[in-house]
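Both complexes shown next keep chain A, but they swap its partner, so chain B is in the first and chain C is in the second.
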Partner chain A sequence: MTLSLLYAMAGAALCGIGLFGLLRLSHLLRRLLAFNIMGSGVFLIMVGLPQHQSGPDPVPQALVLTGIVVAIAATALAVVLIRRYYHQSGMTSLEGESGSREGGPL
Partner chain B sequence: MTLWLMAGLLFTPLAWAVLTLLTDFVWGRRVTWVGILVQVFVSLGLWLTIAQNGGFYYDLGGWGAPLGIELRVDGLAVTFVLLTAAVASACGLHAGVYIDRHKPWHRYFWPLFWFLWSGLNAVWLGGDLFNLYVGLELISLSAVGLVALGGNANALRASVRYLLAALLGSLAYLLGVALIYGQFGTLSIAGVVAWLDNHSAPAGPGLALALMITGLALKTALFPLHRWLPPAHGIAKSPVSALLSALVVKASFYIAARLWLAFGESLGSLAAAQMVGLLGGAAVVWGSWLACKQAQLKQVVAYSSVAQIGYLFLLFPLTYSVSESISLQAQQGITLQVISHALAKAAMFLAAGNLILSVGSSRVDALAGVSRFLPFSLFSFGLAGVSLMSLPPSGGFAAKWLLLQASLGSGQWWWALVLLAGGLLSAAYLFRVYRASFAENPETDRFFHPSKSLEIIPMVLALMALGLEFVSEQVLSVMALPFAEEGAP
Partner chain C sequence: MIRALRTCFIALACIAFSAVLAANIWAIAGVPGQGALPQLLSENMSRSGVEHPVTAVLLNFRSYDTLLEIGVLVIAGIAGISMSKTTSLEDPELRTSDPLLYALQRWFIPLMLVLAGYLLWAGADRPGGAFQAGAVLAATGVLMRLGGIPMDFLRPGLLLRLGLMLGFSVFLLAAVVSVIGGDAFLAYPPDMAKPLILVVESVLTLSIAMVLLALFVSAPVNDAEDPEEGDPS
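Showing the complex of A and B:
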């Protein structure tokens, strides 16, 4: 058990927490935060897992930097959409929708 | 020459996205016309070049892997680039007339449209796992923006739901990429295949493959992960729905298929392949059944997409541990299915948009009497339906015929049942639309007439879907083109 493997383990745990939040919570901002936690978990796994004899591997670090940029862009878009949705409908969750239930009459 | 074509292909969409960000709707439309012309020309040129000289690896800006971006330009990729050029230009031209230019936020359609196009090209040509992820995210974020363009609470709800599903799918894929890199120390698909050829397959990366395929299946809306798709595709504006159904879901499927064909034989298992096929079969039946029960016209077309996506996933069982020739037959069938569904579904959504514009209501039963007033759009809808029902002569028929042969040839006769049931059910939901439109309703005799250009575009796409049957040999022959392996890592 090396230090970087410990990072990967912590990343896996964060992924689990984030996944749980994303699936089980209903408040949209909380789900967005859960997405961010899950994303951080993935990044930790990404830098922690590749093990080298000669110090840290630079490639995953470059990947994670790009990944963080993508995650920020996605978060910004989600925040704008959620805010706008709240202004239009007064709701903070996706529940309570009629009309898109499957199979049922519309 | 090739250098200029590649530069044009990758640079134009990004440049046009930035350009149209600065303009209003009308100027954005004019600028986009020029851009569409360039893109069609460049895509066609690249396709012809590849058909003549074979495929190659292309290092973007001269920087090689792993830190640079390496593109794999092969016959299949350029075929999809060309398909994207055809469908996206049709949708772009249609949108220029269809979308109301008086609402100020509609001018953002153009930058989003161009970002979407650049993401699609990046995915078709991507050669390493991480750049495919970036391309996928570019596609998802612009697609979500396009859905939200409707502006009302329902459109926003559909787009938020779509965004959360897409982000979860991307993270699952990225987690798989992290595990693959941790195991193999490379991100290039060709590099991993080379490693697997020289070593015996370890146990761990099976999980990575499963994670990536699951994430991509969520983004492709494979049953039972399809629930985000009908609201998003149903509520978006018609040209946007056409883009989403025709191209966006195909991008994530394309990556899943590339991964499966590269790693499936060594990392996959028979149970996993059959399982994915079973979900695909369930999607065909369940999606078609729900399409029969929808009251809104565009929801019918959206659930039809769920069903047609199901066919694509038959690729997994039909290429796992079967003979080379059957695997090739299945791949060809799926390729034709992707192309014919893209053309037919784009035509169908655009025609449905015209019908809705004409009757002023999105319900199926409001179509009564439209057959006498808008026969041209209804005819396009019908021709696209012929391809979806996979009646001859159509690209859909050629695709199903190859899949039928592959499933019988590999002894997996149960997939033939799925193909037959899917055909019958799709006839059921499409004839329901026709029946409604041929009914007479004495109360409504006032119909709005959309402009001629709106009606011609879906017709062209529908005719292309039908004509695919006659050129399927040529289309499929590019898949077998020689590929120069120099420059492979």
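Showing the complex of A and C:
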């Protein structure tokens, strides 16, 4: 059990936490954060697992760097869309779900 | 009661998911590595034009990924701008006038600009590069915007379009020129690799900063003024 394998395991735990948030929460902003936590778990696995045997591996690191930038842009776009949705419908969660208005304004 | 049961069920499912993932990671970590990718990379580093392996992968060996990534960023930026309600993205009403912020940013903005330039240059031989520099540059822009410095280039128009598209188009141009020269798509000639990577990284920094800033700026919705389309009033 090396340190980098511990990172990969922490990534697996983060994936589970993020999945729980994604399924359980109804507020759209919280769902977005949960999805980001899940993404961070995937990045941790991708960086931690290849380091386990032969030191840092630049190829997954470069892929993760690309992924982080795309994730930031996608998150920003999702925030824009969520604000627009809230502005038009006055709800903070998707239609047809219980507790639509419990979250308050964004 | 049903709600609590449902939460319990979801929690159990997520714990099971994590456990399966961790078991797979453990199994993969036990297998001795058979990929020759790191060796292949270290053997070819001299042909890449830069000294840092991550930068070499990003901008030379796997530059196709980076090209697609900046394409995704540009699309996200355009979609974000088209969603925004403010006609001018540089809206004076959204500014804050905090004297502390104003005093602070006189010190911070030059420092952050220098830091962005350093990060861009450092990408050649140590951690750094276009994305980090672009993120710092975008943060500088956010600070400037919050502090109320006018930024004319954020108005929808020629400058905004140019800034958004510059990185992608220059990168694509560099890729297509190598095809016209009789080489593979995105294969830089070895003696030209360093200047080409430098040019591409610089325009990528500008475009990434521009996209992130445009997405930040287009997020607020001014609900006091213009009514929504489809509003009954």
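Basically, the second predicted complex is superposed on the first by the 90 of 106 C-alpha atoms of A that agree within 3 Å, B and C clash if a C-alpha of one lies under 4 Å from a C-alpha of the other, contacts with A are read in each partner's own complex, and residues count from 1 in each chain.
The criterion applied here is as follows: a contact is a pair of C-beta atoms (placed from the backbone, for glycine too) under 8 Å apart; a residue touches a chain by one contact, two chains touch by 3 or more.
These numbers come from a predicted model, not from an experiment.
**Q** Which partner does A:Arg31 reach: the first (chain B), the second (chain C), both, or neither?
**A** In the superposition, A:Arg31 contacts chain B only.
**Q** Check the residue A:Leu5 against both partner chains and state whether it touches chain B (first), chain C (second), both, or neither.
**A** In the superposition, A:Leu5 contacts chain C only.
**Q** For A:Ala13, is the partner it touches chain B (first), chain C (second), both, or none of the two (neither)?
**A** second
**Q** Should A:Leu49 be classified as contacting the first partner (chain B), the second (chain C), both, or neither?
**A** Both partners, chain B and chain C.
**Q** With both complexes overlaid on chain A, does A:Ala74 touch chain B (first), chain C (second), both or neither?
**A** In the superposition, A:Ala74 touches chain B and chain C alike.
**Q** May I ask you to decide whether A:Leu63 touches chain B, chain C, both, or neither, giving the answer as first, second, both or neither?
**A** A:Leu63 sits against chain B and chain C alike.
**Q** Output check: A:Arg84 vs chain B and chain C. Expected answer is one of first, second, both, neither. What do you get?
**A** both
**Q** After overlaying the two complexes on chain A, where does the chain B footprint on chain A coincide with the chain C footprint?
**A** Of chain A, residues 8, 15, 19, 45, 49, 57, 59, 62-63, 66, 70, 73-74, 77, 81, 84, 88 contact chain B in one complex and chain C in the other.
**Q** Flag every residue of chain A that touches chain C in the complex, lowest number first.
**A** 5, 8-9, 11-13, 15-17, 19-20, 23-24, 45, 49, 52-55, 57-59, 61-63, 65-66, 68-70, 72-74, 76-77, 79-81, 83-84, 87-88
**Q** Spell out the residues on chain A that touch chain B in their complex, using ranges where they run on.
**A** 8, 15, 18-19, 22, 28, 31, 35, 38-39, 42, 45-46, 49-51, 57, 59-60, 62-63, 66-67, 70, 73-74, 77-78, 81-82, 84-85, 88-89, 94, 97, 99-100, 102-103, 105-106
**Q** Can you check the complex and tell me which residues of chain C touch chain A?
**A** 7, 10-11, 13-15, 17-18, 21-22, 25-26, 28-29, 32-33, 37-38, 41, 53-54, 56-58, 62, 65-66, 69, 72-73, 76-77, 79-80, 83-85, 131, 135, 208, 211-212, 215-216, 218-221, 223, 228, 230
**Q** Inside the complex, what are the residues of chain B that reach chain A?
**A** 66-67, 130, 133-134, 137, 140-141, 144-145, 148, 152-154, 156-161, 163-164, 167-168, 171, 174-175, 177-179, 181-182, 185, 187, 227, 230-231, 234, 290, 293-296, 299
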